[in-house]
Amino acid sequence: MKYIVAIIQSDKLDNVLDKLEDNGIHLVTVTNAVGRGRQKGEAEVYRGHKEIGTLLKKVKIEIGVNDDFVKPAVDAIIEASKTGEIGDGKIFVMALEECHRIRTGETGNEAIG
Amino acid sequence: MKYIVAIIQSDKLDNVLDKLEDNGIHLVTVTNAVGRGRQKGEAEVYRGHKEIGTLLKKVKIEIGVNDDFVKPAVDAIIEASKTGEIGDGKIFVMALEECHRIRTGETGNEAIG
Amino acid sequence: MKYIVAIIQSDKLDNVLDKLEDNGIHLVTVTNAVGRGRQKGEAEVYRGHKEIGTLLKKVKIEIGVNDDFVKPAVDAIIEASKTGEIGDGKIFVMALEECHRIRTGETGNEAIG
Amino acid sequence: MNTRIFLLFGILFLSLLLPGTALAADQSEGIDTGDTAWMLVASAFVLLMTPGLAFFYGGLVRRKNILSVLMQCFMCMCLMTILWVLVGYSLAFGDDMLGGLMGNFKYVGLKGVGYEARGTIPHVLFMMFQGMFAIITPALILGAFAERMKFGAFCLFMALWLLLVYCPVCHWVWGGAKGFFGLGGKGALDFAGGTVVHINAGVAALAAAFVLGKRQGYPDKISPPHNLPFAALGAALLWFGWFGFNAGSALASNASAANAFVGTHVATATAGLTWAIIDRIFTGKATMLGMITGAVAGLVAITPACGYVTPMGAIGVGFGASVCAYFAIAVIKKRIGYDDSLDVFGVHGVAGMWGAVAAGLWATSVVPGNDTNGLFYGNPSQVGIQVQAVIYTTIYSFVISFVLLKIIDVIVGVRTDENSERMGLDLTDHAENAYTILE
Amino acid sequence: MNTRIFLLFGILFLSLLLPGTALAADQSEGIDTGDTAWMLVASAFVLLMTPGLAFFYGGLVRRKNILSVLMQCFMCMCLMTILWVLVGYSLAFGDDMLGGLMGNFKYVGLKGVGYEARGTIPHVLFMMFQGMFAIITPALILGAFAERMKFGAFCLFMALWLLLVYCPVCHWVWGGAKGFFGLGGKGALDFAGGTVVHINAGVAALAAAFVLGKRQGYPDKISPPHNLPFAALGAALLWFGWFGFNAGSALASNASAANAFVGTHVATATAGLTWAIIDRIFTGKATMLGMITGAVAGLVAITPACGYVTPMGAIGVGFGASVCAYFAIAVIKKRIGYDDSLDVFGVHGVAGMWGAVAAGLWATSVVPGNDTNGLFYGNPSQVGIQVQAVIYTTIYSFVISFVLLKIIDVIVGVRTDENSERMGLDLTDHAENAYTILE
Amino acid sequence: MNTRIFLLFGILFLSLLLPGTALAADQSEGIDTGDTAWMLVASAFVLLMTPGLAFFYGGLVRRKNILSVLMQCFMCMCLMTILWVLVGYSLAFGDDMLGGLMGNFKYVGLKGVGYEARGTIPHVLFMMFQGMFAIITPALILGAFAERMKFGAFCLFMALWLLLVYCPVCHWVWGGAKGFFGLGGKGALDFAGGTVVHINAGVAALAAAFVLGKRQGYPDKISPPHNLPFAALGAALLWFGWFGFNAGSALASNASAANAFVGTHVATATAGLTWAIIDRIFTGKATMLGMITGAVAGLVAITPACGYVTPMGAIGVGFGASVCAYFAIAVIKKRIGYDDSLDVFGVHGVAGMWGAVAAGLWATSVVPGNDTNGLFYGNPSQVGIQVQAVIYTTIYSFVISFVLLKIIDVIVGVRTDENSERMGLDLTDHAENAYTILE
């Protein structure tokens, strides 16, 4: 099992959720995040004082999947959230040792999907 | 050492925190999250336009623990947050390689607890 | 590759971001969090009713790095966020198996930096 | 419940199509433009108090229930208005019926409520000004059962409470009731609604807290106010609108109104400051919520007194208001252990009682438009009259409110189910979320 | 665009330095202090409606666009004011020009608008009261193209719309236009702006929705209102301010104003309740947004009628308002499929049309200051006159608004680029964020 | 500090129990209902400005300090009111004392402030209207030291500042001071408080910024405004309330009030637009914060002038206001490098000075109730008189404010400790959080 963490452009979330669904991945958790990257922020101006924000709004998606769903998940995310412009974000994949479904107490591969 | 990530019903947070405490786990970090799962959202209606939200409010708990605290932690979470209805959430456990306490610079097992 | 998760005092974020930059780590993702720890909360009073909040405001930083950047990252965080008082937080390091840059489709070590 | 409202509504709408029920034409003689200008404005000010209250209350509940509070307030603005023009005004200001318990039906559908002068303003404007009181008074109660009452039951309770509790008490005090119930006739001082509005609502709130029971997790697992700036906004609108409420109760733009205005402001300021000091003494820090709570308690307490006491007397009224309300909330409530979610009884009931009594202490005939002196000006008997009015109102309001709620509980159930309470009323009762999380 | 405003501004500023253009001195004879007090207040109330609208609209858009909505409203408060005093007032209230299409230039730069009585209030105050209407009317439109119009194009459109649509229609109805355009002269009833304000803006909004096209992701991927409490706050301020709008339109503090005040309140309450009931019937739950939307529709509908119908008639007006607006929004809009972001056409256009017609149904000479009866009082022909006024206004507003937008589109482009729309107008058009995320 | 307030309070409360200190009865002869209606409303409007300011300021600070700003504003509403009725009114409007530096004690405890007409309104109402000014003026200052001043020191400073700075300057200009300090007597024009309120507060703010020093992390690590919609709400309430402030300063409901009303609105609109244009020129985009800041600067600048200039003159006043304030904030402040957190000096001090001078430029006897012409109407000497008034006020306010703060700093310390500043004043000074994070 793997644990996928993806940081994406926040307005691409709907696209990504749809595409994941298409690729058979329904279960996801989403949080707000801000990120510093290569992307330059838009200038903000407060009473004539210009600032370039370095932390830009992103959205973080987390998905626990069985091994054979890693590729479909990664592909779906890339496909649905790529704009080609700097700031599109990253996908990280980690090993997942255990998974429990709270409602049923199921564990492992059964619990994850 | 392990890193536990649990997604639970948001109103069960108090329960879970208490139960974790009972099982000897005091240190936790909590964030807001929304999740898509099997659970059907309540219908929302805006000027006669009905929508079923797919992203439902959840709470994410993260805990770094020594290996022998994994089971007590998982048990506590399941016990305290289970309602038996769809939407109760998941617990994920990953391997944790290092842990540092910022204040003291301690590392590893000493740092975690 | 490693995935670093750090929970720090929220007002130390600017410091940490600067110091990470100094140590060559530019890319980070940040989220709001609250944490329960040894730190005692300030008393809050609502109409004469005193409460000691147990969940205190923190900030969570996540960084995917190549192995040789783990130490610089950890050092930077500790140096920049240490106040010496209880509540300074923790740094967790996990193994990272894959990394994809969404924009380019690059993977692994090239994608991460 | 739904069908009930429905029926009511249907009948009412049909009645409109009969133009014969309209008002008679009449003269604008005796109408003073200055007084009318002030009363137009005062009416608008009082209306604004209900949204003010909505934010004052809404900021204090949890994120998942704010819309239910706003909705209940707006529902009062709508439902009470219609009931008032159709029948409430008549029950409150009609001629005695049932031995003076309430007014009769002479003004039903605003029959006979025309454009002629009542005092120096058009009668229809007097009716509307009073109607604004009939909106905010029931709305005050909802703080007691916030976060757990079914919306349908809420509507039903509010409608019945208006007709069976508010209108009668209003009739006793301001509606010219004679005989046993004629508190006004007996000389009870209530310039702008200490008994009619605040004690009445505060006591009903206590009854509601008993009938509804505690929220899940009360008192230890209820998270703190989700948006205190909203509560501050609400308090500011209340303070502002209250000038219309109190100084408007002079029904004219004269020295009496000016005195009521000044007294209102001074008492409120004193009460806000007093609470801040009490907070500082007992818990070490002056809190924003405490200060605005104190200010509202001051507004409540000065309400019955503002037409009778001098600005200096108002300082005394305001000071006592915060002391009494603080004590009620921080000490008594804890000891008795009921869950009056937003302290309606403490702030409105207790400070209202203090205010009614205080009117009997500081009243002085120096104030224009008033001939009654209070204890400090040599007339101790006034205190007795005030206490009597408080007791009558308290008993009547508590008993009828309690019984009403029990009956409604049997018929439709007053309390939302456990799951809805957990998820929050916004989503389960109104199918909405107050704030988005991501976008 | 920038340079254009610039030029305008430069010229205007220079003209100030010539003191010769000032107003003539004059007497305060014939001025009533009570009426003036009321009109001062009413003008302030109407001004407050625009920020009210800003929050009503701003709460409904997405988090990334709220500032753009607030900014557009504030821009109307600034830009329209200046245009109004410089030339708009003259176009609306000057003597007939172009065969009565609009007023002439006699009042340009407020020449001749002095301190003498117009009715019983200073002329300059009358000008200002009317000026507040000239702010809110264009502002209403912006709900239709919220979240996607370029700010520069917005300013240009608003300025031209004021001069070429608002001022003419205002002139026809209230400015004493004679001949073909003289809707007022023909006997069309519009007490406070059903045609001039609401139909006018609502129809322009529809035109704008067509020209601008749909937002990315509409209708399925638009996230829900980001802050409904703000929308409620806005609705409350609108309700409050509308008393100035409607009762102020009596231009005096008299029985007519009182009647307009009461009618406004009653119709609004009825409409709010009606929407709640419709919601409950069709979707199972009464929503807060529905109730405040209904209330606003009620305010819109009673606007033309409030000086002519009794409070009981107002119940009918309010009821119909919600029924019509609900139907327009939940049924018609879906079927036609345009993206009127915040339902300006449904709430202002449709409810405004209903209100204009309803004035022709329930008008009665019982109401002080009115001699015209409507259908229910034996004068069926009034309905025809009302319908005619609706049609003229609708056609004129739609055509000119549509053409204006198309021309502006060609010159500077009305729609923001795709990327800006994705990132939100707050950041891309105004270089700001409404809320911080971390601190 | 605590104990001090305490003592004060104790004494004051005791004094209430002596009914002998009450007001004398008197006639309501000479009172005009229209004027009184307007002044009742105007007083309420001015009160509302302080919560408006609270939100204007509160939206601009960081999330962790908003309650401290709201609390400080509410504290001004409470504390200043009590000081005003007890002694402040007397110091400002009593007969000359100390050679005209301030008023004497004749009105202490409102002795002799009764219900008789002062002008055409009850004296007690005049006192209250002026009291509202005494609330907002100190409150303006707090923007300068927001996010870092100890609450106890704040209360002490505000109380002393009211009595030692506000009351004297008010006495010079409006209180009938004679001799050296008699700015009013010397013919300085200040209709509604350019010197008394805005320059006074703005300059005190500058002094405070110097004494308090910079916030940790200023200027680079201060995160942007946490809630700009709140700032917009505050600006809207300020604009609205300012009609009471300026047009209310006519103390009657007449052509002078109407002119002040119109001038206020026009100057504000012009200033808002001007700032937007400046923003666009210098930074490429018109910002919402810029526009509302400009509007407030316009309100400030027109304050002294509104009773003397025509609506066209007001355009000039408004235009200059934004130009001066922008320059002060975006250029001067950066260069000098003080940390006036919310630009009180730039917006109130600088625009106030401009306004005072501008009154001397555009004043014209065409305006009812004014006989003085300004430079553009052939009386260049008026500019000199205005400049003199500005200089006197500036020096006095700066010196006394600076010294006061230094003394308080020695006694109790003005600045919060480093750790509290990091955690935010809401939690450390008031034991509250503005918003919950999870629920």
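For this structure, a couple of remarks:
Letters A, B, C, D, E and F mark the chains as written, and numbering starts fresh at 1 in each.
Just so it is clear, contacts are C-beta pairs under 8 Å (C-beta built on N, C-alpha and C of every residue); 3 or more make two chains touch, one makes a residue touch a chain.
Please read these numbers as outputs of a predicted model, since none were measured by experiment.
Touch-path distance (fewest steps) from subunit C to subunit F is 1.
Shared contact partners of subunit E and subunit F are A, B, C, D. By number of C-beta pairs in contact, A-B leads over the other of A-B and A-F.
The distance from the centre of subunit B to the centre of subunit E, each centre being the mean of the chain's C-alpha atoms, comes to 50 Å.
Between the CA-based centres of subunit A and subunit E the separation comes to 44 Å, rounded to the whole angstrom.
Centre-to-centre separation between subunit D and subunit E, using Cα means, comes to 33 Å. For subunit C, the set of residues touching two or more other chains reads 30-32, 34, 43-46, 55, 94-95.
Across the assembly, subunit E contributes residues 32-35, 37-38, 41, 224-225, 227, 233, 283-285, 287, 289, 431-433, 437-439 that each touch 2 or more other chains.
Chain-to-chain contact here is organised exhaustively, every possible pair of chains being in touch. The touching residues of subunit D, when paired with subunit A in their complex, are 437-439. Residues of subunit C touching subunit F in their complex: 11, 14, 32, 34, 42-46, 53, 55, 57.
Only residues 43-51 of subunit B touch subunit E when the two sit together in their complex. Subunit E meets subunit F in the complex at residues 2, 5-6, 9, 12-13, 15-17, 19, 21-25, 28, 31-38, 40-41, 43-44, 47-48, 51, 54-55, 58, 66-67, 70-71, 74-75, 77-82, 85, 109-110, 115, 121-122, 124-125, 127-128, 131, 151, 227, 230, 233, 426, 429-436, 438-439. Per the touch definition, subunit A reaches subunit B in the complex via residues 3, 17, 26-32, 62, 64, 94-103, 105, 111-112.
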